[in-house]
Amino acid sequence: MKSQKTESAINTYLRETGGWVASQLEACTRCGICAEACHFYQALGNPEYAPVWKLEPLRRAYEQRFTPGGKLKLALGLEKRLSDSDLERWSRIVFEACTVCNKCAHVCPMGIELGPLIHEVRAGLTAAGVVPTDLAEATEKQKTIGSPLGVTDEMWRERVDWITDEWEVEIPVDKTGAETLVVFTSIELMKFPDNLAAVAKILNRAGENWTVSSKGREVVNFGYFEADEGLTRLFMHRVFRAAEELAVKRIVISECGHAYDAFRWNAPNIMKVPKGVEIVHISEYIHHLWKTGRIKIKDGAFEAGTITFHDSCKIQRRGGIIKQPRELLQALAGKNFKEMTPNREQALCCGGGGGVISIKEADANRYAVFEMKVEQLREIEAQAVCMVCSNCRLQFVDSLGHFNLPVKVHGLAELVSRSLI
Amino acid sequence: MKEKTIYEHLREKGLSRRDFMKLCGTIAGMLGLEFSPPVKALGKVLNPSPEEVVAQALKTKPRVPIIWLEFQDCAGCTEAISRSSSPLLSRLVLEDIAIEYHETLMAAAGFQAEKAREECLKRYYGKYVLVVEGSPTTADDGIYCTVGGKSNLEILKESAAGAAAIIATGNCACFGGIPAARPNPTGAVGVADLIKDRPVVNIPGCPAIPEVTTGTILHFLVMGQLPALDSLKRPLPFYGHTVHDHCLRRPFYEAGKFVGSFDDEGARKGYCLYKLGCKGPTTYNACAGLKWERGLSYPVQSGHPCLGCSEPHFWDGGGFYEGQSAPTMKLDKGSTATLIGAGTALGAALAGVNAVKKTRARKAVVKPEQPVSPAEEKKED
Amino acid sequence: MNWTEILSFSRGPLLHISMIIFVVGMSYRLVRVVLLGWERDRASNKGSKLKGVVINYLKGLIILPFIPWVGRTFRRNELTFIAGGLFHLSLFVVLAFGTAHILVWKSLFGLSWKPLPTPVVSFFSSVGIISLIILLVNRLTHPVLKLLTRLPVWINWVVVFLPMITGFIMARHLWFKYEVIFSLHLISVSLLLIWIPLGRISHFLFYFFSRTIHGAQAGKRAIMP
């Protein structure tokens, strides 16, 4: 009777269920407040999108296998065992209607860290192989080709060369003796090359001894989206190996939220990380260069109307890089910089993170969520919006196009590089 | 020879007709005849007036023979009734309405007294009222309380056989009282626990309020039947309300003003005694209405919390000075530690089982080693 | 069996047994969860964990219950916030400052303090009862709560509601004879004590886990929890 699929999901849940998971699952009072924090629930009103409901597979595995109460509930027929169809059902909920943004944790009266728990739910579904096709394909591409967008080594080199020519900026590749390894996303490489060029320009101006690596060339981590621990490690391992080979002192994560989360907070817990190598996000590094006087920017350089800042879930809410981009924007745009509400830790997620944007079936969800973002932009009549995550940026560009809105989208690096003096 | 009626007896003792009518009024008022449930139940309209109903009864009925037995007791109830400061009623009942046998009060002693009882039982068979004070003891065939070589059980049984009604006075006779307090070595019980075939009225209290005992006897006399009883066989006219219901400190209870200790400011101000362990809310008795010493005072009025002496097992119902809400059985530190230990052991045992399951799950899900993808391997070659 | 006997049974053996079950059950449950193992978080800290934890408790104990509108989701969910907050506040006031309850704590732990005036406690107990009823209605109508609520959660509601309503009736001396409602109150309390280790009311214990975890995570990442 036992399905192999379901068993491997359950085994994953059991493996991951320590006191950390169990105590938080036990703390839940089923008050449902988290639902109102979830942008997918807010936008679509589907009760199944309530964050706590997303934890059901994990909770059921925990209670039914580890607790007498759960066994009793099974015996009394109050609850069913996890089945393959349950996994399919939750796969749609957890991958297509959750960006693992963890806003729910901030409204939970118990303070339950729902985001990381949903990450575990994803892990089980991935172990059972119930992952949306698009996401699985992109992950497979990253595994075999090295980039979820299918960028091969040759394409990567060509693209870097092209950017060097087009923007007349020097990008050191595989430079031994460099102090800083910058790892870009292939989204930037293919879709926002201006951002890549801007980063290069800023670092060169600061006199930074930096390089990119042809071996650790992709910072995006689709294994982390899937919560596949092996793949997460594999993808980070590529970057770490490159860093070790080049003997750099720090790895600068370019504009990718999930990548920053994986490298900064997750890597030390799941794998061996090179010693003495600092992990920083590009936005905090630019801020650092500016604060230490290594670059100078023209105050008030941005004059193209009202600009606002979009907080990314993994970089701001989960990464703590909240003040730095704001200080830069304040300097760049002065009075033209306005905040959306809610913002900072309480910010509304873009709706495309956590791999959602790569899943075709989730498009409707994504656009519905973005409508709320549009409303926020409208409230302050923003003409431009700045952010530090390519994934968010992709969602903004795509959705603004979908809704046909004339709001400009900028990367922070791009704005800074334009105002360098 | 026809027996004298009560009225005739009283007249012989020199009671004027005017005083007799006053007496009837007092008795009627005390019994609350107008509102007496049995009267209401009978559907009788008291016409012309309640006191005339009483007068009618006293004029037509002969004196009631009473046999008063004592078992495991302190004679407190007898003390109370004989020293009652409302002599009118107690004297009336004890002397004028008649009394034939009372171990403490009668002049006779020893075999003489026993003989008197036996004669009385025969002579008034089926007519007398049996009053029991003190608890019968059942352990070891009742040998812990014997009179004249007879066990109390034997005495009770033979005395009860011909009783028109049995009145158990005091908590001991009603519910076993103090002798029945844990561990109850003598197997003390209430009269009603032993006598099932005769009507029994319980007048609990420690001691029973004398007016309640006499009142109940008078009720039997006047109405020819026992008053309505509650589930513990207590006469409703006297036990229909709790001490708390009619408490003169009640407003302080409602306002939340409590005495904290016997000599604090609140005690001087007459605040509510609930925190000192007052059992008033669950104690049904007429203390607050009838009081003691001719209506002078009663415990709560004098500043002492109610002990609940008219309730079964009041001796075992937690400390007298401990709040009524407190649990009567407590977990001490040692047993709490043991319980926590037991819980911990249980939890640890299950955690052990779960750890095994977790290890099995970990083995079932293959975790790749520090991985290198096929594509990368090719490149490195 | 009459009510006097039921009362002495529920004040004595029944309450005793349920307290035993409560103590054993809660320690069992705590140990079972804790012994599932904890992994050390090896990622370096960006901010102070302790600071995060402290702020998070302040948020949980002061901001969420008393000034919830600073949290952005309040306006989407006033009912749960207000009724839930008031319910917990009332529960605390009645349990900690009701005279009868103080006597219970005194007899159990030997500590006692000044009670609040009865009308104040009465007010809070009615507030608690009304909040609980509002929460029930909310649970019956809110789509998310309908989805989340299964039998055990309904039982939670009932076993919490019964002691509150019987306690209220008892303290006001309404309708029932005192020993009857007193017994019912104690029976329902026993029921509650037995149920707590089984159901989600035990969140009062696990609350400290989840709040500490969230606070530490926020502190570590240098964000406001």
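First chain written, first letter: the chains are A, B and C, and each begins at residue 1.
Throughout what follows, contacts are C-beta pairs under 8 Å (C-beta built on N, C-alpha and C of every residue); 3 or more make two chains touch, one makes a residue touch a chain.
Every value quoted in this text rests on a predicted model; they were computed, and no experiment measured them.
The central chain here, found by comparing per-chain C-alpha centres with the mean of all protein C-alpha atoms, is C. Chain pairs B-C and A-B differ in how many C-beta pairs are in contact, and the one with more is B-C. Chain A and chain C, compared by their mean Cα positions, are separated by 37 Å. Remark: chain B and chain C have CA centroids separated by 39 Å (rounded to whole angstrom). Distance from the chain A centre to the chain B centre is 76 Å, each centre being the mean of its Cα atoms. Counting only residues that touch two or more partner chains, chain A has 17, 66-67.
Annotation for chain B: residues 350, 354, 358 touch two or more other chains. Multi-chain contact residues of chain C, defined as those touching 2 or more other chains: 29, 32, 34-37.
Chain A contributes residues 17-24, 26-33, 35-37, 41-42, 45, 47-48, 50, 52-53, 66-67, 69, 73, 78-79, 105-113, 264-269, 316-320, 322, 341-342, 344-346 to its touches with chain C in the complex. Residue ranges of chain A in contact with chain B, taken from their complex: 7-8, 10-12, 14-15, 17, 65-68, 127, 143-146, 153, 215, 229-231, 233-234, 237-238, 271-272.
The part of chain B that touches chain C in the complex is made up of residues 231-232, 242, 244, 253-258, 274-275, 281-282, 311-313, 316-318, 322-331, 336, 339-340, 342-344, 346-348, 350-351, 354-355, 358.
For chain B in complex with chain A, the residues that touch the partner chain are 350, 354, 357-358, 360-362, 364-365, 367-368, 370-376, 379. Put simply, chain C touches chain B in their complex at residues 2-5, 7-8, 11-13, 15-16, 19-20, 23-32, 34-37, 99-104, 106-108, 115-121, 173, 178-179, 182.
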